[in-house]
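I have a structure here, written as structure tokens, and I will follow up with some questions on it.
As written, the chain order gives the labels A, B and C, with residue 1 at the start of each chain.
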Amino acid sequence: MNIENKILKQTSLEKLVVKLKEEGKQIFAPVKKNDVVEFAGISTLQEMAEDYIVTVQSAKAFAFPKVETLFDFQLTKENVNIVEKDLNAIPETILLGARPCDAAGFESLNAIFTWDNLNDNFFVERLKKMIIIAISCSKADGRCFCTSVNGNPGATKGSDILLTKIDNGNYLAEIITEKGKAIATKYADLFETAPEVDKNKFIADVPVKFDLKTILEKIPGAFENSLWVKQSLRCISCGACAYVCPTCACFDIQDIHNGHDGHRKRSWDSCGFGLFTIHTSGHNPREVQSQRWRQRVMHKFAYMPERQQVVGCVGCGRCSRGCPVDMNLKEHLINLAEEVAK
Amino acid sequence: MSQENIYKPYLMRIESIAEEAPFVKTFRLKFVNEEDANNFTFKTGQFGEYSVIGEGESTFCIASSPTKKGYIECTFRQAGKVTSALYRRDIGDIIGFRGPYGNIFPIDEWKGKNLLFIAGGIALPPMRSVIWNCLDLRENYKDVTIVYGAKSVADLVYKEELREWDHRPDVKLITTVDPGGETPDWKGKIGFVPTVLSQEVTTSDNTIAIVCGPPIMIKFTMPVLEKLGFKNEDIYTTLENRMKCGFGKCGRCNVGKVFICKDGPVFTLKQMKDMPDEY
Amino acid sequence: MDSVKKKAKELLENQSVNLIIGYGEGSDQNARAIFISKADEVDQLIYDERCVQNLAFYLMKHEVKHLGKLGIVAPLPVMRTILQIASECQIKEDNIVVLGITPKGELIESAGFKDIENYIATCDLDLPANEKEIIAKLDAMTMEERWAFWTNELSRCIKCYACRAACPMCYCTRCQVECNNPQWITVEATPMGNLEWHFMRAMHLTGRCVNCGECGRACPLKIPINLLTYKTVMTVKSQFNIVAGTLANMDSVLSSYKTDDKENFIR
């Protein structure tokens, strides 16, 4: 589908939010609460935060929630009854104000959850029911590096509609997918014809910091490099980076029950945790942090590119912002690129 | 296929329980749902996620051969939360099974060759499936030799099967226990598996070796095989790692870019030498 | 910092320590932990109001510990942590050189833990006014309001365990949440499960927390978890007149029994 350009006035966007809410859709947008900007349900555009780079957590929870019930069960003395979740009951969700990096993150997640034609339908159905109305970034900070990983503050990848604020406060609306077109058509009176607009004038400047090509070529051979030890010395082995990351998908499966009924749940996990790979025997293939740090970086920049043909990073910088000890991934990647190029 | 829940297990009823060794049991499982039983197929080498629903899942190979219809078997040692819960199950109880996952032993490629199976201790279960599969298609293969050892006589699993293999004229079975593990009436060999292997096997000619055992056994067995002239691509093993999903999504079992659950668990030594040393 | 750098240089030159843990420049004008092993690296050491991370965590990190004898730049919270973990037998006095520093970054001359104890005895260890104010506000709430406050805050928790990881007192090699036989605390981030986790952690820190605030700072969602442990600090002080991290040899508050303990809970 060719991308169609429209203009969405500020007032029209306000009306659009109201209309979509009236339709019964759930709308989530970045909302500021106590100094923290996170996705939350909104009913009016006014509730949406204005001045933010990205939300603290990514939007992945809308397709890959922090806890997903895989099925319920009932236990009796003689029998076990499994009760499945009705995936048709997943409501349509609109993500307004996601950034281009958020939208791009879903491609990486999708590559994992549909790898080799084995579909995790919880993820697939949630993504199907999601409409992403992303907003381009007019500013970035020192942690952003989307342009170094094939991204861009005004990229359309993964979004259904991309809004870019242009100089009179109104938005250039790029209608990208069929889902986006459906909205633009239904509310055609809100979407006006667009004149020629140079989008790039309104988008943040994010200089490229490292050569991705070098990293992708050389990192598979860097398994034994001593850099991993140096870089991971200050890491404290929490899961903050993995949990706020839009492309991290590692998960745990646990059963809980009260004796007669319960659930099997899938929840977020992190390869950075010390016990992530521990065997029941006590043997741990990744017992020191340098091995776990290496796994994290190589999974994103070596294994995923080779096995799933996607880079497992969108350069949003959330991991760096969320890290308690300043493990700045961008900085580490710059060092890595220099090191492997030697 | 759309809307299918890949995390949902089959319900299996425990038809029989065999106590193999201290803390080691074999379950024979039948599908509760007949339609599941009719549709289910697997190939030798594959594994599944077995669960006590309510306690969690655990990864074991399918220990029975695909040539046996109507049931699957698994053998496990009580070690942690889930295996302890499994250990406490009774005949008639229902457990969960997800599978089959993983790749297979390429037994079709082995037609016309000699087969040398080498296993230690609790690692015989992953091999039992492929041994029986080959024995059930015995005419496809030439000489079949099984070298199996354990720490002590009590630790040998599948004692019934060992007796059966011992009595078959078309199988050469060599059993051994570690020095000090023998009982007064022990008639088999005494010695570590790699040592016994080097004494009993003299050629690698037209032979495929399939090895499974604890890391220390593998460490000392590989040099013996290499000395005998086995090529790396003719030595097979089955690996394990901590798993959760079993199908390549939870990000836990990979060694480098190789996912033990998807690219394995069956690997040749040649493939293993390409894997980084992190398992 | 000159006195500190001088001392650090000496220690590395005469190989009294293999590694010095301190603060250095980080990303975007933040400070971060640095590890220096050569004498010419001491100029990287800084100390200013950005240097708040509790470096004592690294004294127990396996990968750092086994690099040899450690020196550590230690502002007050770090000094207190060191005494507390020494009191819990996690570090030995002769394995570590403490480069204690005043709030202005001047070196506190010390030959060992006794000198650190003496310095700490001169410090005001009370909670700062702004923290006391927040706790007073919480205390003034009704039970229902307080419950609503915490259930609301803690339902946001994603169980990333940054709070646990950043806390030097959480050094258990297998945390209670990592035990599955039995599964004491549910793995997933559910509202009730999150409450259980945080309350349990606060109880395990009672009498041990030195009020460094690292848990609250580490939380990526800015949940004020430190308020839970601060409250325990205040309660322990008022009930037992004990402040953690003041002596290198202290009985653990909740697991010591003294014949003159107040028993006003028994009537």
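Heads up, the rule we're going with is that contacts are C-beta pairs under 8 Å (C-beta built on N, C-alpha and C of every residue); 3 or more make two chains touch, one makes a residue touch a chain.
Not measured: the values here are computed from a predicted model.
Taken as a contact graph, with one node per protein chain and an edge wherever two chains touch, the assembly is complete, since every chain touches every other chain. Distance from chain B peaks, on a Cα-centroid basis, for C.
In terms of their C-alpha centroids, the spacing between chain A and chain C amounts to 33 Å.
Centre-to-centre, using mean CA coordinates, chain B is 48 Å away from chain C.
Taking each chain's centre as the mean of its C-alpha atoms, chain A lies 39 Å from chain B. Multi-chain contact residues, meaning those touching two or more other chains, occur in chain A at positions 252, 254. Each of the following residues of chain B touches two or more other chains: 56, 80.
Annotation for chain C: residues 183 touch two or more other chains. By the touch rule above, chain C contacts chain A in their complex via residues 26-28, 30, 32-35, 53, 57-58, 61-64, 156, 158-162, 164-166, 174, 178, 183, 186-190, 214, 217-218, 220-222. Interface of chain C with chain B (complex): residues 180-181, 183. Note for the complex: chain B touches chain C at residues 56, 80-81, 84.
Contact residues on chain A toward chain C in their complex (touch as defined above): 34-36, 38, 56-57, 66-67, 141-143, 229, 232-234, 236-240, 242-244, 252, 254, 256, 265, 267-268, 270, 273, 275, 288-290, 320-322, 324-326, 328, 331. Residues of chain A that touch chain B in their complex: 70-71, 73, 75, 78-80, 82, 84-85, 87-88, 112-113, 115-116, 118-122, 124-125, 220, 223-224, 249-255, 257, 262, 264, 266, 269, 271, 276-281, 285-286, 291, 295, 298-299, 302-303, 306-307.
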